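Some structures to go through are shown next.
Common to both upcoming complexes is subunit A, partnered first by subunit B, then by subunit C.
So, the complex of A and B:
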């Protein structure tokens, strides 16, 4: 087990009270695994991703456990967690256009990152390692003396990936790494990420709302809704045998290119306000299959045909 | 566009501005009440003497002729002769300019130090006491008239505590070889420590007064821009790479915050000179600012015109320098 979260809660403190963005989730990543995390916007995916590195606002409340290898993350102070960031866990952000400092040369970003975690590193060594990792992501090493605005969107995301990999982390969190890129570049970047994950022997958490993307890459997929993980299954199971009503509706709403069926399908309603989530099952207000109990009591997680589902529809069913 | 052609363009563009300024100041001076001849000779002088002086200064010619005469002289680089002292205006300005330069540089450094460090730390601790005090400070200082602040500092440090002199640049008993006119620099290069201390003591009060006034605007700009930058994605990304808080704050946020600040700073510099006029008068600092006030009192037309053109040129040159520094800080301007 590379990474594990147990009974993890991440709440934002606001004037109205706590926003329960991540509420009591269990999650794990095995060595070499790619775990997909999918769901609508506002379901707590990115909060979870950034919460692992604790780069959320300083007033954020954490409880439960998070372990990377055998280091417990929840109790760490800022100085201790800083040594984990970048070094053990690399992060790739959504928007490469804004995630690179525009007034700094690319090489400076690499050097300062290396220097922070390996204070004894020499200039030459840093240059060498930067060149090597840039080559791996398909950027000519001589371009390291350029500025980020001289690169295209796809190239910038390659730089971001290289920057996440330069310290050889054991886990990479990719937070919607291709959302802001065009389709062709998306495919290239995903292919690259997958190859590099194997080559560097890392594990990966892939956060996305693009179900097509995760299907190809992930070994396991967790579906998040309103701060809960509502279904956890292998990619195959999730696609061919989805259990949770939310997963089913999510899969149905993938747009297709069939000329006879161009109507966009969607799930009516919105994810709930997480400072005051619905009692019982959080999906119940939007669920077409809801029963009486759904609006009263939170469903337990049950295992059905190899998938873990948090839904009352299955709680009576034998394994 | 290369830097060289950019600078040349900027200077050429400054010429029409200076011409308009010259026209305005020339005619306004002659419209407002007050007569240079009476100011020099006093109201009781006989009419013949007054007429003779008027003729001597060329003030009996039609205004339009006077204007083109003056314009022709300025084009040749001749700013005329002071009606009060009979010395060439250019020489007078040249003698007094180093004092203003020294004061503004000193004040600017004080403002930079206060603005950058307090502003950055306040942004880092947004809504905490250090930030709130920074906001209160900048509003408070901004609201205070410069000369009042100067008077209060004079009263406290000069009169009650008797730590610092309240005016001038150098005590009469101290001797100093003047080379550059920047007395702090002169005393340093001649290893004259006694003079150095004396100059520094004289510089402190006016420098701090002017420095505090500029620091209020500067602090606000640095603080607000840094707060904005700290919310940017690249700061979050830097944090996710495990960089130290100091590196994130000064290396990433403040550095980027300076890009918009530089573009405003050129305009702020004009304000700085206005502040310098008041500060110099309060501390009897022998610079261009107090020179201008003195000359206005005596309706010394050529001197006033000269000083104003000089100020305008100074602002243009400084804003060009600031643009160059900006290009060094922000590579996007360069490419």
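So, the complex of A and C:
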């Protein structure tokens, strides 16, 4: 196992009290595996991704465990986590324009990154390694003397990917890596990520709201709703045999390319406010299958036909 | 009802002082380069393409938010491009636009109810202030923001993105327009909110008998609302036809690429993807011949020199030398 989170809670401190963005989740990534994390805005998926690297506001409250290989992340201070960031865990953000420093040439960006972890590296060496990794992501190495704004959106995202890979991390977190891109560029980037993860035997956490994107890339999918992981399944199981009502409705609400399926479906209502989440199952106010118990008691996670589901429909307890 | 003829919009590229002194000729970005289409009453025309294809410029030209370089736009036999400023202002009541980013489209210092009412005031609809307010309340209710009193006095930052877009829709439709341009109206929203709003647009379209120009980069959403689709690439329309036919059997290589690029949630249906290499070329200096030929897997010699004209193939229009 490369990465594991156990009973992990990440709460934001606000004037109104704690916002329970990630609330008691268990999550793991095996070597070479791509795990998709899917959910709507505000479900806590990005908080989780950024929480792994601890790039959240300093007042954020963590509890539980997070381990990368044998290193426990939850208790680490800023200096210690800095050795992990980039080196062991790489990150690809949604918006490459705001994540790449616009006043630094690409080669400088790479040099700085490399130097943080390998203080003895020379500029010459850094340039060599940059050239190699840029070539891997399909950018001509000579473009390393340009600035990020001279690249198109798709190319910029390739630079981001190269920057995340240059230190050979064991785990890459990709937070909505294709969301701001056009369909065709999106398909190109997905193809690239798929090739790279095979080549580098890379483990990846793919955070996205797009079930189509994860289905094409992930081995395992976790569906998040209001701070909880409500279902964990292989991508085939999730598509052909979804268990949780939320997953079922989410699957139905994505537009597909099937011309005969013209009925537009959606989940009525809105996700709850996480500073004051509903009692019991957090999906119960929107759930068409809710029972009495759902509004009273939080459901446990049970295993059904190879999937893990957090729903009273499957736990057999009717009390 | 709407007829666009050979519409063009060229944006001049800024020259440096040196270039002016050296008399380097003025260059242009041909954002929209001679497109023609018609939209019948009650129809929804989907304009699809990547960033930089000129679809948003087309939408803005239709409402004359920017002036066309050449071409004509007929709205029920009135040539919109020939209207004077005053005439245009009165005429604007007939067509409205819904922008992509509701936060940017709404004045942050104006209560959302007032923002909707503002249109009524400008066009002098509804007599007294009380009456106008009543109309706004009805409209808020209609876009499912109820109770309306709860929303009328709020500022844009106090409501969610989906609700904000509902306000923008309400503001556009309260003037009872005949024609609405929706420019990526639901692109910024979450999957389930997106579907809710798409359903709202479909319901309103039927209720008010609206004619829509639906601009989007996402082919998958067009199937719920569009009757007809036009695919744009670098300022040109490369394929126009009935939505169902294009979807079932895309003919132009670019349309094929667009459709196959839509991510597929079914893991067993690993489609054969026809993803073109490279990116959209620089519009200042587009390739000669067919603009798609450098990325086209079926490119022939003729494609490099002769630009294909739109011609009829199996009841639709295609600009491609393959047909």
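We take it that the second predicted complex is superposed on the first by the 308 of 319 C-alpha atoms of A that agree within 3 Å, B and C clash if a C-alpha of one lies under 4 Å from a C-alpha of the other, contacts with A are read in each partner's own complex, and residues count from 1 in each chain.
One rule holds for everything that comes next: a contact is a pair of C-beta atoms (placed from the backbone, for glycine too) under 8 Å apart; a residue touches a chain by one contact, two chains touch by 3 or more.
What you see is a predicted model, and the numbers here were worked out from it, not measured in a lab.
**Student:** Which partner, subunit B or subunit C, touches the larger number of subunit A residues?
**Tutor:** Counting residues of subunit A touched by each partner, the higher count goes to C.
**Student:** May I ask you to decide whether A:160 touches subunit B, subunit C, both, or neither, giving the answer as first, second, both or neither?
**Tutor:** In the superposition, A:160 contacts subunit B only.
**Student:** In the superposed arrangement, does A:91 touch subunit B (first), subunit C (second), both or neither?
**Tutor:** After superposition on chain A, A:91 lies in contact with subunit B alone.
**Student:** Is A:40 in contact with subunit B, with subunit C, with both, or with neither (first, second, both, neither)?
**Tutor:** A:40 contacts subunit C only, not subunit B.
**Student:** Please work out whether A:74 is in contact with subunit B alone, subunit C alone, both, or neither, and reply first, second, both or neither.
**Tutor:** In the superposition, A:74 touches no partner, neither subunit B nor subunit C.
**Student:** Could you say whether A:264 touches subunit B, subunit C, both of them, or neither, answering first, second, both or neither?
**Tutor:** Second partner only.
**Student:** Which of the two partners, first being subunit B and second being subunit C, lies in contact with A:102: first, second, both, or neither?
**Tutor:** first
**Student:** Between subunit B (first) and subunit C (second), which, if any, makes contact with A:116: first, second, both or neither?
**Tutor:** So A:116 only meets subunit B here.
**Student:** Along subunit A, where are the residues that touch subunit B in the complex?
**Tutor:** Contact set of subunit A toward subunit B: 50, 53, 55, 78, 82-87, 91, 93, 95, 98-105, 112-113, 116-117, 147, 149-150, 160, 163.
**Student:** Which stretch or stretches of subunit A touch subunit C in the complex?
**Tutor:** 40-41, 152-155, 182-188, 190-191, 209-213, 215-216, 235-236, 239-240, 249-251, 253-257, 259, 262, 264-268, 270
**Student:** Mind pulling up the subunit C residues that touch subunit A in the complex?
**Tutor:** Residue positions touching the partner: 50-51, 160, 162, 190-193, 195-196, 198-199, 202, 217-221, 223-224, 244, 247-248, 257-268, 270, 273, 275-277, 279.
**Student:** State the interface residues of subunit B toward subunit A in the complex, per the touch definition above.
**Tutor:** For subunit B paired with subunit A, touching residues are 232-234, 236-245, 247, 251-252, 255-256, 259, 329-332, 335.
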